[in-house]
């Protein structure tokens, strides 16, 4: 059994969902996403027993492209993040009634397929294809099933698409350049290339543009809030929970090993940018009126910190970044789902139109509260493990970084609690707020359970990712 | 060689069928004949021979491109039955003209002598003049035909002048002789002037800046099926011929010449893409998109030794995507007095399959992976970088992102706007053509080696 | 023939045909009557034909002359098509001034 | 055995929390209260057992539960350290915690969310145990943040009132400012010593490993102190504590008086070996401490809300403790923490009893004469008030005296300031007593009608605490110094003060000072029967004090408002601007397209001209340039 099985399964899942008809599409999608989770766990088991689950075959002879999927700890961790979140994301859609559900869920599965491919690919070209491929479904998901005024939505979505596409094209150019040097796209060979300082600089920049837009770092983030707001919540979850991580993962997997010297040269500037994003995102989040936009900016702040960890380029930074990627993936999905749960009942995303919900549904309020606390990295949640490790790594680079990055724990608490206060607390709302349904409850409980369990016992994940991070660090050093 | 004869005979048969009142049989017979010809052509793969005193040379390049032309023509002719429904009495004319056009195309890629080249290009062009103006009562079609004719024959004059100069310098029309002359140091300057004039003529035929002005007007005015022909078959043919000409006449290309190609390429991509942004007529939009694709295709000239495969791949990807796109355009705009994007509103709901196919073909043109358009661009850029033109790669990359905007304008119209009318019934053959074309497009995307390794 | 060519020199033919060609080009650029533009194109083609003949003689090679036949045949076909289009334009517009043909633009 | 007992100690409140969360409604209001109380009592019993053991063996108990976070150069285990210090703290955390739980059964009986209250309270105890018993800085940090969370939840317990929610939020954020300092301190320590474990850290420092960079150690100490000052409400981060009185009164007693706010002192005591390396930081701590004591006492002079008075008194007392810490007298600070826990908890619970009797009235101007109606409350509160004022022989006398004695030996200025603060303490505490319990009742008739002594569940804890407040000083009487001996293994040879003449003189001065304060209060509120004026009539210094030196307003104007303004500016302008830059590319392309459309004018003549132009320029470039 190797990792292709996972890709095949998800692809078949997407096709099967498309042909299953609107009535049962969501269930078919759920079945396949759970199956994918099962397969990925089985793969994890094999991997931890030392079985090689990678795959490689010649795809195109000229130019020399291998269809190579490499599964190391880092990739598997990211794949598991995807396969674990996908069923939850699909399940979270059970409360919605989508037009053309079969198309919708097929796109969701297809997107999972593409993202998993991105995480696994160890051939630059294949990686790029999956990277681009993941853009298509989310474009349609946001465009067709999004909310709000169609024209504004179209504008936001096309901006997102062109912007991210633009960034990745430069990455493609860099890959072509590397291919001219190496005669192959294989990761092992590319990272072993001996590039001059100038070459590294430009390659670094090309990759940086792609990732900075995807992650996003300021000032390349302007697509984010609007798309998060306008996309249907499932799309937002896919974007914020997994797709952002593609950019961060790629920094670790591709950018740093390919251009380590340039990375070191630009390290301070980029960490500065990332940390500026932390502060800026938090501050902008303070005054957002729309819940989803607020969460979008919170995401900007959090990924800024993760990015800073990546560019710290030491063991703690990279490891913390990966931990935080996973933690943030879960918590942001949970938070967006909470927003959706409120929207289903109150049909609003404007915070000022909510309030007084807690009295009506203490269960939901508690779960929302835990998610809020996890997102502000309260110790005991998984997010704390990641955030602490990242901040520590920054402090070993430069104490100022840790202080600036650390403001997230203050500002994060500021905007999140403020949001919670105005959205949930206060005099009981006159409008009925139905209690959470079973499917909603499962999503919340799964996410919270994950965050709390690994908050106390992150060891399995740390042990899973450490060897591959060491391998990356070998190339970086 | 057999291909050329078979096609010409097929054209005559079609004309004869009209005489014997077998109108109904024309299209099936033609399609069967073309498929047979395709098989015939493919069997010639791997053979290198020359006919008629070196007038016609057959090699892998010829066979590959001829096959592509035949495939494209099969699609175009399959669409004819429905497209010319209202003028069924003249169906034999339309079909036979297309067949002769194909004959011109094939002779253009298999020429071994400039005379053959000239004949081929004129057969192709004259057939297109007729097709462009074929909607006699339509003012737009008239205007398109006139514009194309005037400019096309002007370009023919230029090419002819170039041929004359080359002949004057070499003393022969034979390509082998010309190839030797191009590599010799003693060749007179006329030769190069001649080559440049032929180049300009060909740049006109494939519609690159600044010789592109005819394209949008003619594409818009011509009947849509003709536009499809022009934008797929004719453009691809011209490009292949241009490439072959350069291989023969520009053995050691001068840096200045390369620079001209680079500038033309960048200008075409940029102008084509930027102009397309503001177009509301999808045919015009595709015309400008075609201009930018032409800009991409001429990149192949910068790496003549290695780029044959990439160019073939690009033309195939572009041609197939174009066929798929135009099939949908013809279906949607049937009976409409214009081809504005508003006509596509709500197509995603009215006819999801057609909308999906148009989306896929536009994505392919935009260069989004898994569709072959992406691989095509990638292979070309790879060759270009191999030749050392980093600036062109960057220009190509920037242009790719501009292009996304207008392609996606159509896509979002299909999926977000509400439909204004009931869906029309889709003729059966449209489905087949569209699905086959886009299927082939994706298939060569998944297995690029199938085409890339032909050369 | 040969002697005349030697006496006059092939360059002179070249210049003459280049001149004729340019006249054709300018005719096309400057005139707005479609018929006249057709004629200008014919002048261009004939200029080339003359050049081909001259070169043919110069090289003592018949293929150039054969080429002229091709080109004349093609020119005839072209004009036939062109005139056909012109006729339908004249029917629709009532004039053959190309300045009237500006519907397709933008 | 040990491990399971530790787990009992640690998890009993957590189990209480879980069962109250999930099943609390089924238990009923009393049931959930009893459950919560029992959980804490279980912890208390476990603590006592450990306390006995450690007291006799003098061996710290260190238990490794599991590995938690692996860092690049060191790993952090989920470990529990039960040594003299943590057990001492656990004793009063669980002990007083149990009493306050008991008290709450009655106090919170009428609330609709009783089970939630107890679950939060249990959770708080759990985190507090974690804070105290954690064997490394990060476990301590879990508890540290966790108690902050519980504090947030409990301050905002009546969440329908957005003002309370604001107070809760403020507490959490202010704490988080300190937490950032704490974290940075942790980072530096980790960076320097490659361990966060207290034992390993102490060994490393004593062995002199990693102590070369004194400046960095000083920074770490300073950062840790910032953390401590957030949690323990020191200048400039103290403003959250008075606002925190929005929570139910037992919460104020437990969290905002007895236990959580002493976490900062605990942390500094825990890391005393580190602070010893940073004398400058110690000086800062002492100065900040004494100024906090002074400022808070000054504000306390004019507060009219009974709980606010107590809150400022807490801040002021915490300041004194920091003074002791800053002077290196850790055991003295610990001593005062313990006595303070007794009398302050008692005072808060007493005030709760009063408020309960008056149906939520907290303004002392509307009280008075409660002495007769509520004798138990009055007596217990009086004992505690005497203790806090430092009257012989109550607990506060001994501990406060030791602080002042230390200050006197350390720095006379600090001693003077500390003494002034303690005189003010005596004044405002007796002002509170006089206004509340003496004179005529000033409330409404209806309130007067319902005046009653609180039930046994409330009075029993009061009595227990009052007894402790009276005799608690016994644990460290001069000459006996049990506490000092008990804590001796933690500190580097620190001599207890001998009872010499200076000591007696200082005791005398302190007592006289306290009596002066009481006297002034007596003359103002008993003899002259003054009642504080309405808020809008106060003027001058009084007004400044009543408005807490306008510190909240200053923070609002200097920090919060600018951040909001920045947020708005960023949202409305920077975001739009950045967005427009991106769109700008599109706009430029669009504009070009518009111009280009003009060129595509449909004129064949122009097209041909362009053609010829292109031809000519290519030919010209290729053949005529050069």
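Just so it is clear, A, B, C and D label the chains in written order, and each chain counts residues from 1 on its own.
What we mean here is this: a residue touches a chain if its C-beta (ideal position, glycine included) is under 8 Å from a C-beta of that chain, and two chains touch if they have at least 3 such contacts.
In UniProt terms, the chains line up like this: A = NADH-quinone oxidoreductase subunit M; B = NADH-quinone oxidoreductase subunit N; C = NADH-quinone oxidoreductase subunit K; D = NADH:ubiquinone oxidoreductase subunit L.
Just so it is clear, the model here is predicted, and its values are computed rather than measured.
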Centre-most chain, if every chain is reduced to its averaged C-alpha atoms: A
Most widely separated chain from subunit B, with each centre as the mean of CA atoms: D
Pair joined by more contacting C-beta pairs (B-C or C-D): B-C
Distance from the mean Cα position of subunit C to that of subunit B, given in whole angstrom: 27
Length of the line joining the C-alpha centres of subunit C and subunit D, rounded to whole Å: 98
Whole-Å gap separating subunit A and subunit B, where each centre is the average of the chain's CA atoms: 42
Whole-Å gap separating subunit A and subunit C, where each centre is the average of the chain's CA atoms: 66
Multi-partner residues of subunit D (each touching 2 or more other chains): 586, 597, 600, 602, 604, 608
Residue numbers of subunit A (touch at least two other chains): none
Where subunit B touches two or more other chains at once, by residue number: 146-147, 150, 154, 216-217, 405
All pairs of touching chains, each written as two labels joined by a dash: A-B, A-D, B-C, B-D, C-D
Residues on subunit C engaged by subunit B in the complex (per definition of touch): 10, 14, 17, 21, 24, 28, 34, 37, 41, 44-45, 47-48, 51-52, 54-55, 58-59, 61, 63-64, 66-67, 70-71, 74, 77-78, 81-82, 84-86, 88-89, 92-93, 98, 101, 103-106
Parts of subunit B lying in touch with subunit A, wherever the complex brings them together: 309, 348, 352, 363, 368-370, 374, 378-379, 381-382, 385-386, 390, 393-394, 397-398, 400-401, 404-405, 408-409, 411-412, 415-417, 448-449, 452-453
Of all residues in subunit A, those that touch subunit B in their complex: 59-63, 103, 125, 128-130, 132-133, 135-136, 139-140, 143-144, 150, 153-154, 157-158, 161-162, 165-166, 169-170, 172-173, 176-177, 179-180
Subunit D - residues contacting subunit B, complex: 586, 589-590, 592-594, 596-597, 600, 602, 604, 606-608, 610-611, 613-615, 618-619, 621-623, 625
Touching residues (chain side subunit C, partner subunit D) in the complex: 25, 28-29, 32, 98-99, 101-106
